[in-house]
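Let me begin by handing over the structure; questions about it come next.
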Amino acid sequence: MSTFIWFCGLVLSLLLCPLLPGLVGKLKGIFVGCPGPSVWQPYYDMLKLLRKGSVYSQTTTWVLPLAPLVTLAALLCAMLFLPFAFVDSPLAFEGDVIVFFYFLALGRVLGVLAALDTGSSFAGMGASREMQFSSLAELGMFCILAFLLRLSGRFSMSGLLNAADSSMWSYSGTALFLVAIAFFILLLAENCRVPFDDPDTHLELTMIHEAMVLDYGGPDLGIIHYAAALKLWLFTSICSLMIVPAGLLSGFGGLLVFVLAQFLLGGLLALVEAVSARFRFLKVPQFLLGVPGLAIIAIIMLLLFK
Amino acid sequence: MNGLIEILLLSFLLCGFLLANSSRLMYCIKLVAVQGFLLGFLPLAVAKVEGGSLDWEVLLLAMINIAVKGAVLPYMLQKAMLKAGVRREMEPLLGYAASGLVALSLIALSFWFAQQLEYSEQVVSRLAAPVAFSGILIGLFLIVARRKALTQVIGFLCFENSIALFGAGMMLQYGALIELGILLDVFVMVFVMGIAVFQIKQEFQHINADLLNALKERPGK
Amino acid sequence: MSLLLFALLLLVFSALLCLLLSLNERSAGLVLADFSFGSLHLPVLLALGGAVLGLLSLLPFCVTAIYRGASGSYSEFLRAWFLLPIIFVGILSALHSPAYLDAGYSCLRRGLYWFFFNLMLATMLLVTWVSQPIVFLLAWEGMGLFSFALVLFEYRHKDNLRAAWIYFLACQAGGALLMLMFLLRTQAESYPLFFFISGLLGFGLKAGLPVLHIWLPEAHPVAPAPVSALLSAGMINLGFYGILRWLLLPGLVSLPLLGYSLLICGMLGALLGIFFAIPQKNLKRLLAYSSVENMGLIACGLGYGFLSLHWQRADLALLSFAAAGLHILGHALHKGNLFLLSGNVYKSCHELSLDRLGGLQKRLPGSGCAFMLSALALSGLPPGNIFMAEILLYVAAARGIASGSLLIATLSLALFLTLAFCGALAATVFSKAGAAVFLGEPRSPAARKSHAIPALMKHCAFAFLGLSLILLCLSPFLASRLAQVFAGQSGLLWPDDLLDNFCMPAFNEHLLNTLLGFSLFFVVLLFMLFCIRRRHLPYSRREAPRRFTWDCGFAQPTARMQYTGSAFVQPLVYLFAPLLRPMRNILAPKGLFPKKASYELSCRDGGEQLFWRPLMNFTVRLAIFSHRLQSGHLHLYVLLMILGLLALFIWGFAL
Amino acid sequence: MPLLLNILIPAVFAGIIFFLGKRISAQQSRHLFVLCALLNFVSALLSQPLFALTQLGSWLFLDKFSAPILLLSASLFVWVSIYAGGWLQALDDMSRRGAERDSGFRDPRLFPEHVFLSCTLLFLAAMNLAISSANLGLFWVAIEATTLVSAPLLCFQRSKAALEAMWKYLLICSLGIALALLGLFFLAIAEPTQSGLNLFALMEHSEALNLQWGKAAFILILAGYGTKMGLAPFHTWLPDAYSATPGLVSALLSGALLNCAFLGIFRFTQIMPAALLPSCRQMLLALGFLSLLTAAFFVVRQQNYKRLLGYSSIEHMGILAIILACSLSNADMQRVLLWHIIGHSLLKVALFLLAGNIFLAYGTRSVTAVKGMFESMRWNAFLFLLCLLMLCGSPPSPLFVSELLLVFELGPWLGAALLFLLFMVAAGMLHAGMRMCMGTSPRQESMRKAALLAERLFPMPAVAAFLALSFGVSLIFLLIRTYTIF
């Protein structure tokens, strides 16, 4: 029964993930005072792009067409380990956290190689910044993992995230709160949200992720958008699974809470994007190095005071 | 008669001391000749004192000694000096007054050093060892403190004579063949040094040993 | 024993025969084959045959020894495990060499190359095989000498002198330290620490531990590609072979001492290695630094294994030893492949500087794909062997964090974060290397005029990939064998009272099996997506039109507009500037129409700059100062003699 | 009887060449020279202890230690004599061409060739006398004679530097040897039974020696023969002498003469009483390590490759002193002593002959001026680097075996110090060697012809190096079979 619920969560994620950027775009518009694009806009874009043909540059080799496919496949593989709707995923095994994050890294490296393959200066600029921020973010990510590991004691994605039951909040609540903030910052950095990189800007010098995909068109661009949305969905689901205590509701109630938490986080995301502007690129590393700082403080609190 | 040996040793010591002070090369060569002569005469004096058992071997060796060190070598050094056209040791590395003081202190040092060593009974006289050591030290001092190559040869000769004196003074028996070998070696050594001085004069037009410093470590970068 | 003898004889005789034959021009000129092998002369063929046959004959021994695993003897298994990389890389480098050496080398130099190549292989076999200390020492020094001769092969370039000299110093110092270690081994009771330190330094010099690594980035760019492949894939592992073979003296070397030193050296080495790999401009130098990083990770694995045995956590020990073992073999295969490919690049355009290459994928398609695959594997990304090894270490560290005491948790956390950070930076370094060499437009006339290379050079790379695929499938089986043997042997180091009440748990292969399953699933999924993308989407069946790179509408993009390798890592280099200490020499443009302006940023090796260079300068200054003693003045010489004599007398009588 | 022949043959031939020099042609005198070298080699072979009577009255004898040294110096002399043929021929051509070009040309040779040949033969006679003398006094006379006779050899090629080198060599060595004479007199005093300086008598009465005089005698002997041998504070003449003499003479000097001087010290330690042995050991160790230290510091950034080889001689004499110190306490180190001497002499002769070739080709002795030897004279460069490697004690050479056993004899702390110093010397020498071999050679035409001539003179050093290599390999096999010390 519970695996069926987990499977529903999986299918729901695959279907609903473009909705999240749409929701964020809509809310940002409302905060700014204009109606904003419709919530289903990402779906329309993807369907339009899938029907188009694609044009490749002469300098590119087999790397450019392959990169979006590898990114999407990596994300789909990584998804299987997440405990959707607070149900331990049937495929969980000890060490799947590393597989999850390294599949993400594989997707990112292929994206960077594709960007450099085009031979354009903006793509190179985007790729170099992407690599710098992601290597710092990875360090922060693994600090957070270490904290969750110390907290839960089980080294699988489901084990880490489902450990936070209500009693956990009582005696290590502050540390968990610190880690939640740190993870939210990482979420912004990894998915190129505003403070680090503006998703809907068209000024080449300012964008990172967008610059890397400048040369894509047609179905490849569609797949890339879908993959970006899926990645955002995965990160928000980790954040929500970490925060919401697991034992609240069981069965379909859990699924409902899970989806609600996702959209709540989407709203928070839109709020943050509407309020803050993009950081200067030299400031970003200092900010990103703050994340492992927070996580290590949380770990120290956990180690010493437990 | 013990006095005769004492006189011989003291005059040997005096020659050594004068060597350290004299600047004229001709005078130094004469002093070394006297030293050689005294050294050759010592075994005869000892044999006369011991009891007159003068066998022909000791006599022959003494004669050769006197001939070589007293006559042949000084003559050869004189010829070398004339060819080298050098009259006097102009400004030595250490002034003559200072070298006089140094010679005296060396003599005092060797007398102190001779006291430390204990002797077996068959020593010619208590004076032999100190005189020999002072001769050695003065010889070394001459080599170090003089500029001209010829003076260094003379210093070396004084050094050899005092070592031979030490051997004779200590009544050592190490076979006539070895005695002759040593004498031959010293003779050929000084002979070769004389030729060397002449060649240096030919090549460098001067015989200042301290200017012979072309061969040294070039300071690397 | 007879097996080794046969291999050694084959190698040595083929070497001598090749040298003799290449002495007289006539027989050397006898060209036997001139197809994909490149022109194959008789002596070269002999040497090549000798090398390949000699190494292949040892393969059955290795397979049986590894198959027997814990049941066979420890030294037998260790020997087999460290022979495997030598055999694989040796054969493939030998196959790669005739094509690599084809161009302007006279036949005598080719004969010399093969002479030293085969003898180096022979001494490497001897080092892993022999158990008698004197013969081991001789083989170790011989290996150093023959590889020194090969590093000296390109003697025409004057700047190779410094690299070859530093390499010679490393070999000589290593030999001296090992001689000291064997001396102390006989009387180890009185000096256990001195014995351990000299052994660790002696083997660490070869394995490239943090400060002792400086010869690696110097020697590799200078040596011919097949030789540097053999060096970095076969030879530097022998450093760890030495530690495992000679330093594990029960009762003498305590587990914590061994564990802490290896772990700390490993972590430092990994971080330093990858940090200094970032700014490198020469492809082979970059690969050499990545070898230092990987050796650091292997040392971490071993160190953590010994420590967990000390903490009586046998499950962690099994995992970390398996990780270290798999890492050794995986790194050997992929790094050997990358060095051979850098040889392909050099052969096709005689240029190795990353900022002047580019766009070679179109001219060397096969090498390009192989490079990309090996690069991805070496940066630890999922389907590769290194990922299999690293995940075992991750799991061990995670278990340490989750359940250990304060000390164990902190150490495991440090290892956990080192692995993560090195993984991330390695991905940056290898994406820079791969993109700068193969993707984009050719940045210099040399890259533009790159010509095709003999086919064999490409096949060697594919052979490497095939071997690593086989290794990938066998990794669960190998890991379990490996873990039991290493843990069993280092178990001897326990104090006796502990030994009896402890049984060695079996190594669970569940983790690696599931990983293989997931990799297969990933590949199948990728293939399905590819088919959907290629066939079932509209317009997908027509050939996509090829235009200029769009690049926001810029009409004529030129090759100079591309991001070069050093531009790609410039943000990271500025971020870690205090560590990397980049040196800029700028030729500012002068006047209205500047003729010449240049900006050059280079990073000197940290270990060398902070430790070895000041030490070297101090000794040289002291030496030159002491040269004044030999001033040339005769009087001073005599005075020195007299003083020496006086000192002897004073020492003899007064003291 | 062959012992006496050893000394007479060279002396007689020297006389013949000296007096007939003017009448017979240069070619014939060279042939006579080579003939005498061969004859001497045969008589050295005959006088080995296993063939014939080893003792001739109380004056000459050959024991287990000095016999190999005699054979070694005889074989070295054969190589040098054959090499001398080619070298003197080259000098002849140079002086004839010079004389044709301009009349004011001064003959590059200080004195006629036959005098040089006869002096060399006298040098050989004196060396044979020294090696096979049983009386310490006779030994002293022979060593003094070698100094006298080798002095003119040094300045055979007319140049300021050669004369200066000869003067320093002459003065410092004769001073040193005079000190040794004083040491002998001290020994005679210390020996109560007045039995003369015969070695066997001294050995029997060694326990009755007066300790104070005995120690003074040892110090003076150490200083005296140490000067001739090149131990640390007395080494100053050696680099200057070697850097200015032709390769031929320095090969003879370092290959053979240093071993004879070492023999003096070795004989003296044989007659030392047991009470004095610890202090002798300490002094030998001190001087040995001091020599190693000076060699290590002076080899770094060395600008002249002949001096480089000079300092390596000082280093190896230091090692010999250390091995001797160890052999006082453990007798089987004497074998190691012999191995080291033979290995060092063979390699040093090969290297000096190669240095001569390099000077012939490049005309300069500075390390920085010589470039690209691999390119210009391939075989010489390869051999030069190989011999340098073997001299620094890498495996194929016998020095590796002796250094390995020495380190195991010295124990951890001294062993570590020795290894560090050897490492420094190896670093300095190889840096110079590699700097000369690598890079591209200058393109002058004259140099190319000279390089070809040098390549033709390649076989002689090659033979010496090959002998050293085979000796080393046989030693290594011996080491593996017999030594189970660890």
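Before moving on, here are some points about what is shown:
The letters A, B, C and D name the chains in turn, as written, and every chain counts its residues from 1.
The criterion applied here is as follows: a residue touches a chain if its C-beta (ideal position, glycine included) is under 8 Å from a C-beta of that chain, and two chains touch if they have at least 3 such contacts.
This structure is a prediction, so every number in the text was calculated from the model and none was measured.
Of all chains, the one whose CA centroid is most distant from that of chain B is A.
Separating the centre of chain A from that of chain C, both taken as means of CA atoms, is a distance of 36 Å.
Computed from the mean C-alpha positions, the centre of chain A lies at a distance of 79 Å from the centre of chain D.
Our note on geometry: chain A versus chain B, Cα centroid distance of 100 Å, whole angstroms. Inter-chain centre distance (chain B to chain D, centres taken as mean C-alpha positions): 31 Å.
Of all residues in chain D, those touching 2 or more other chains are 167-168, 171, 175, 212, 216, 240, 298, 301, listed in ascending order. The set of chain C residues that touch two or more partner chains comprises 620, 624, 627, 630, 632, 634, 638. Residues of chain A in contact with at least two other chains: none. Working note: touching chain pairs come out as A-C, B-C, B-D, C-D. For chain B in complex with chain C, the residues that touch the partner chain are 93, 140, 143-145, 152, 209-210, 212-217, 219-220. On the side of chain D, the complex with chain B involves touching residues 110, 135, 137-138, 140-141, 144-145, 147-148, 151-152, 155, 158, 160-161, 163-168, 170-171, 174-175, 178, 181-182, 184-185, 188-189, 192, 194, 196-197, 212-213, 216, 240, 243-244, 298, 301-304, 307, 366. The residues of chain A lying in touch with chain C in their complex are 50-63, 65-66, 69-70, 72-74, 76-77, 93-95, 97-99, 102-103, 105-106, 108-109, 112-113, 116-125, 127-129, 131-132, 134-135, 138-139, 141-143, 146, 149-150, 152-155, 204, 214-215, 218-220, 223, 281, 285, 292, 299, 303. Chain C makes touch with chain D in their complex at residues 132-135, 137-138, 141-142, 145, 152, 155-158, 160-161, 164-165, 168-169, 172-173, 175-177, 179-180, 182-187, 191, 194, 198, 619-620, 622-624, 626-627, 629-630, 632, 634, 637-638, 640-641, 643-645, 647-649, 651-653. Residues of chain D that touch chain C in their complex: 167-168, 171-172, 175-176, 179, 212, 215-216, 219-220, 222-223, 227, 232-234, 236-237, 239-240, 279, 283, 286, 294, 297-298, 300-301, 372, 374-375, 389, 392, 394-395, 400, 404, 407-408, 411-412, 415-416, 419-420, 422-424, 426-427, 430-431, 434-435, 437-440, 476, 479-480, 483, 485-486.
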